[in-house]
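Both of the next two complexes hold chain A, though its partner changes from chain B to chain C.
And then the complex of A and B:
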């Protein structure tokens, strides 16, 4: 799906937990997530901290979308 | 003659521990034959024997790749096997990645011949077929018998260091290795035969298949984020409560398009996941954990992004065929483009 969105001419960022799969699939902008059943959350945290964590990941994804890339790039910093 | 010693790797599901709710299961060894090991061991007909089974949850392995690999290598090493068998994983994605990772590691780091089995569309197949032998299986465990029937002879050949035939002869996934052989007809004749078959519209097999690199170049970045329209897409199966389009829990035959205008936050009462390939507890409790609508609304209000697109698209990425996923996305991407969406955040579980 990532590749088809990209093919349609829309920049896309893939937020996913298993980065090697995303690389194999061919995503160009990749942001590693927290865990498979809750990629953008952590049920162990209290709701406020969990939302802050989610916000950080989304901000990183937006940053990835605002960054020119030359081939597959994992935004893990 | 002593029997060859085999260590077998399986996931929590095939070990009978549980389904997705147990996918976080940490690696453990059982000094016995478990689950699919029974069929495998019977197939060896006394030539080889499973001396231990390593069991690990699929999510644990994939979320802790390096650690899990190290732990399991240690377990395998202890039994000093002649052969390592992982799976078969059929079309289970995380299981396939686990099987490929560990088979490759056992082979390259311990020098023990390894083999696995997968459906050709399993992401683990593409990642590891050039590194280790992977028997081509059907897409579900219904193909266990057929998988074992192909896996056993090849496994025994590997242990005995016998010559391995071509992928077609042995039933493994093509590894991208070319082998020289003496052909009966010279190249020009074979080429002309192929050409004639092609002209007649008959079948012919190329001797030099081109690798399939389907890569798409990245699009340019967003220039002005606070004017951009961002859309959400997910393969994590987030749907309005009740799953109005009845998207299937696995092998999804459709995708959904859902209006989120005016929705500030996904709650337990309004949204859920239709996905059958991961533990749904966390997403059902708060679907923002998969589809971050709440945070994007905040960013919209703060003027950090232009706006969140009115619709999001979702399907269940669980055993869904690549061809289907591709056609769903090609279709909705056209809509996104027409609707003036500037960028997409796609989330996967």
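And then the complex of A and C:
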């Protein structure tokens, strides 16, 4: 999916827990997610903290989308 | 560490007045066994059935298969940290009831348990069709949570094998095999000219009832460590898995790990088999990185020349497999990996979710997506209610006459990634 959408000329950010697989399939902008059973949240946190975590992930992904990349890049800082 | 395994050959299982072994027949006092399992307050009803090789019997949904073993000499007891005290096992003498097993059934997750056919085309795909099986059919009390249900069934199986195995305490074994592994430095010095080889055993530990236990510890919480191979033969590792049936390692697989047995066969001849490194398959990337780093670090620390890596399950554990392979190869240690494939029903899709050039020696247990037609059996132990939704099944899998059309994924042990099956492929 990531590759097909990019082929159509639209940049894609892949939010993904298993970064090595994302690298193998060829995503260009990769944002590491939390865990495989819950990529975009963490049930161990209370709702307020979890919302903050989710917002941070989305913001990081949007930032990645607006960043020029030269080949595969993992946004893990 | 030296272990003598005494194989007490079991040719038949029958119900009888007293639980005992006589001339290769295991007699089971059914009510005594049922009462023992029913001591668990989480179980509403318990029944015991027998399924023999060649009988027209289908067992489903299968959770675990366990071989009865009993410790005669040496420290600790079978299933340490779970049924026995948490002492280090793997030395002394152990009797094995060879030719029979305890099979647990239950609709715990429903879609993640397997099928064992005792005859017909499906029987060829599972090693457990060749055993005399004592099958536990347990119903949980109303409202029992899945995790508690899984635990209750896990313990029911272990307790039943312990009960049956005690019948072999005073029985003289038909054959005896001796397995010995020396402490690392002595072991290396024993065969200085042979390549030093270890086995990297990956344990399913994704959570949500995809769990394995090491001396009673949930494998999610371990960091890679080293075991003597004989520790596994005494039940140091048990399965708590509700995952796809074809490539989960049942407790029977851990007790009879064919990689370990084959490495012992070549030990002192072609290779020097120095030990087992266990590692896990967790769902956080940091855990995957840490565990594969440590597996490689331990392999380097042991001074290995080669390793065999076996996987359990599929999907994201493919990444753990490839990370182990890549990082161990990067230390200058040769690797062979054992996996299976999800290459689509026509076999045309990519087999693994991850890949790397370092993985240039691969053994496969077969393509789990291959479709098979399982004709109806005269008797079903368990229930067919889940045939349409079992992993490998699809809407319409179950026909009215009891025929099941499924991917071999649904058959317990069909594409086992320790190689405890018949399928493989040769490629160049």
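Criterion: the second predicted complex is superposed on the first by the 77 of 77 C-alpha atoms of A that agree within 3 Å, B and C clash if a C-alpha of one lies under 4 Å from a C-alpha of the other, contacts with A are read in each partner's own complex, and residues count from 1 in each chain.
Note that in this section a residue touches a chain if its C-beta (ideal position, glycine included) is under 8 Å from a C-beta of that chain, and two chains touch if they have at least 3 such contacts.
Model, not experiment: these values are computed from the prediction.
Visitor: Based on the shared chain A superposition, would you classify chain B and chain C as clashing or fitting together?
Guide: With chain A as the common anchor, chain B and chain C collide in the superposed model.
Visitor: Using the superposition on chain A described above, determine whether A:32 touches chain B (first), chain C (second), both, or neither.
Guide: second
Visitor: Considering only the touch criterion stated at the top, classify A:17 as touching first (chain B), second (chain C), both, or neither.
Guide: In the superposition, A:17 touches chain B and chain C alike.
Visitor: Counting touched residues of chain A, say whether chain B or chain C comes out ahead.
Guide: Touching more of chain A: B.
Visitor: What part of chain A is shared between its chain B contacts and its chain C contacts?
Guide: Residues 17-18, 20-21, 24, 35-37, which sit in both footprints.
Visitor: Show me the residue ranges of chain A that touch chain B in the complex, using the header's touch definition.
Guide: Counting only chain A, the residues touching chain B are 1-18, 20-22, 24-29, 33, 35-41, 43, 50-51, 54-55, 57-59, 61-62, 65-71, 73.
Visitor: With touch defined as at the start, can you tell me which chain C residues reach chain A in the complex?
Guide: 206-208, 283-285, 288, 316, 318-319, 322-323, 353-356
Visitor: Any idea which chain A residues touch chain C in the complex?
Guide: Spelled out, the residues of chain A in touch with chain C are 17-21, 24, 32, 34-37.
Visitor: Enumerate the contact residues on chain B facing chain A in the complex.
Guide: 20, 23, 59, 62-63, 65, 93-94, 97, 123, 126-127, 214-222, 225, 228, 230, 233, 235-236, 278-283, 285-286, 288-292, 294-296, 298-299, 304-305, 315, 317, 325-326, 328-330, 333-334, 336-337, 341-349
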